[in-house]
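By letter and in written order, the chains are A, B and C; residue numbering begins at 1 in each of them.
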């Protein structure tokens, strides 16, 4: 499968194997990267991408295999060694320290110092140069990183890599935390870096991104390289999906059966407002209907969802469920009335990671299943197992820690929680964040099935095609207001983007 | 509600499962407790070798258990607090306060009129109220537990000194003293109480919604809140529970010493925390074990016993205690890392 | 610092008891830790009597509060040194602790071990009474030191310092120095004001002063800590521009008291200390400070307790008494140490 390379490879990984106690995460991975290219690493969750980049970053030691840099075999016994070799990694969860300034973050661990005193002025000057090079001169060296946006933090992380004179930069789903404008800027930076001969290993689920900036693709599946150095331009999407999943997959949204006109209104939001964040939001969701909120990061769409749920206390307006008005600012009231939320940050807001799957599934309902305060664990397991089967949770074992599940399966467990609890209204915030391509269609199908069973669904996503493909009705949110509402069939991505931009500039 | 879709065979997963089961069993709660019991057994072996009959006797066992029982009850309450991700530095001084309040002239006069149990209930009520005050400040005032309970540590001690005028207050009721001297089936009543509180604590933590909420809040408070659990109210209850155990321990301390004073329970919060953490409850919350706490308490008391029997110095004992705490936490971290990397 | 602050209760001093106690105190009270001493032992009888001949070996359990105060450290050390002198004494020292739960457990341990006698300086006399009763019931004699247990059945013998006597000694010395100045200003620096032992000391002091027509002008409390001594004294000196004499109850807190006096640059008065630390005795000897005298509160009580426990366990009597058996109560003398006799007492001074 190897195609001839015009240039000698900068980085070569051959036959990398990594065993963990009881599991083989990598089982023979080959990867080679030439200077100045954007090398995309593709694979489903659990294919071994994270383990591979941790090997490269010195966080894991490979059980077998060789790594060559400029043709010379190297060892990367610890993260500092990786940096010394010029290999820098930008993790998905950006490893910047919120409480420190930009300059302090960039020089963290290799402070510019003379005789034990940090050279603040010099560090600041170099930081300014790095920021200019990255096209973000507005980020000053003395700003506190915690106050920056996700995109800003990413730039800091990149600047740190450059400050180490990195020749290979690994980017783990860098676009996941960015909205479209920021993604454009990211790509501009990436192009600039590659023009200077730096190689980028780019990990993403978004094929359209890979098409835009990628040069070659390596595909991993089950810890093995199944596709090597595929040219982006000449490899079809179908072929890539086939390699990743081992089967032909239609990346498709479920059909819309159409909501009957007489379907009862389940959720009614009237004039809802939350301080300066958003105001005067009104919407209705009927039984069996999926309503989507589209908008940029910071437009207030997630906050709307959380306020409907009572996780934030509304300053104006009402939320009515089946005719009953909910108490403001009370999650417990919303849950007992029959509203469920699958939050955006699944790990920090949704799951108790060290607890077994079944306890996560019954987190909202164990008290109801209990008898006079005594837990009924048998009923909990049974209900969880039923949902695990119904949602095709993999692995099916509900006793294992939920931490060990992939993003898609964790999301299924979140849905199972509300299925066990039995909710009439389901609020989904970024339902496919961190979910790989194969599992996405499954999640979409599940959501549609829930709606068909009579649930009213309100979904928020920063991926406009997702909203358009999944929802029956689309509301466009911009700058804390709903600026447009239309049936999904009557609006396209371009229109939504226009509305979003318009609303922002207004 | 939903019809199951066609389920593809999941043979690959089951294979994986079989492979991970074994290590997960060893690093699971049972494995950790086995390790603790082994540590306890090791100390006992040292005790038998060095102390012989003086160590390995029923009477000595009772000495150890009596010593363990009061602090053990405090540690049970502390287990809940730490499992929920909090900390309670005030249990020792709250216990001191309960001993003082239960032996004031007024309380004793009432006990004299009614029944000595009045003193026990007074201790429990005072402890619970102090705990609820902690809980209210933490849950609704949003002050971090460390600061809140540190403040309670100081003020409960001060209040106890004010009430008692720094005097020791004798228990006047002979019936009270007699009750705490009972030894049903040859086992002192204090040990029975400790056992009862431990068993109740185990059921509460592992078999009730209260326990599940405690673990869930400790594991991820935000996720628990978003799942509809009333986190603030539950936090209030948890600190109330810790206060209640401080009250029970206070009554036990009165039985043991026949005197209430503001100096009771000095530094016991640290001993209780040490026993809980050595027992395997995670200091960051989300995992708690009552069995571990009981064994943790026993490890420290048996250690004291072995040192005393061997006439060894206090200082060496403190060093040994410190070493045990560090070793236990290091082991915990190793287990924690292993269970996360799989 | 906890030595005397803690909740010890003395219910006054029955006169007859005190008289007899002072009598017997002569034999044992000033027995120094080392055999070779030139100290003030009013008689040398106890040094070389037949009682010191080795007898049957006895095991003595010793339990005392943590040595977090110079005087308490000295009392424990003296007990250990005394036990060391006797080849027929096997001493079991329990972990020193301010935790009554722990101290009770140590006594229970001693009972289980079947020791021959227990020397107990309780952290809290009331709280240790029950377990001391248990020991007595089990046939193990308890020698109670310094802080009195609350039941007479809880100990075989009790050795006490004389707090009232300390006040009397200090007051009498000040009277001798100032007797001709009826308007003299006398200040008193207490330990912890509401402790019975403090009240006893102050009462004795007031009684003795009134004999020569003086009275205490100012009273402050220093909590038995160096820090407390410094703070209380600074305030006192600020409040009283002209002082003739000060009695400081406690030499451990006296370090802070002296520091405050130095800082204020005052020297128009003289000071009498309390307890008898080596530091204070050196000052008295050198005459380089306002310290002219101190009143001894013997740090040898527990050492005496070991000796008594040995006698009790070996069924012996006290050599200079005619009566059979060891006395029930011994109250130790509180002598005044001045430049004239300080050499005799140096060996009794303890490091604070």
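Following the convention adopted for this analysis, contacts are C-beta pairs under 8 Å (C-beta built on N, C-alpha and C of every residue); 3 or more make two chains touch, one makes a residue touch a chain.
As the structure is a prediction and not an experimental result, all values here were calculated from the model.
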item: Topological distance between chain A and chain C, in contact steps; value: 2
item: Between A-B and B-C, the pair with more C-beta contacts; value: A-B
item: Where chain A and chain C are represented by their mean Cα positions, the distance between them in whole Å; value: 74
item: Cα-centroid distance, chain A relative to chain B, in whole angstrom; value: 41
item: Chain A contact footprint on chain B (complex, rising order); value: 1-5, 7-8, 10, 13-14, 16-17, 19-20, 22-24, 207-213, 215-216, 219-220, 222-230, 286-287, 338-342
item: Chain B contact footprint on chain A (complex, rising order); value: 20-23, 309, 311, 331-332, 334-336, 341, 343, 348-355, 359, 363-364, 366-367, 370, 373-375, 389-392, 394-397, 400-401, 403-404, 417, 419, 422, 445-446, 449-450, 453
item: Chain B - residues contacting chain C, complex; value: 54, 57, 59-60, 63, 66-67, 70-71, 165-168, 170, 177, 253, 256-259, 261, 263-264, 266-268, 304-305, 307-309, 311, 314, 317
item: Of chain C, residues touching chain B in the complex; value: 6-7, 9, 66, 92-102, 104-106, 108-109, 112-113, 123-130, 150, 192, 194-195
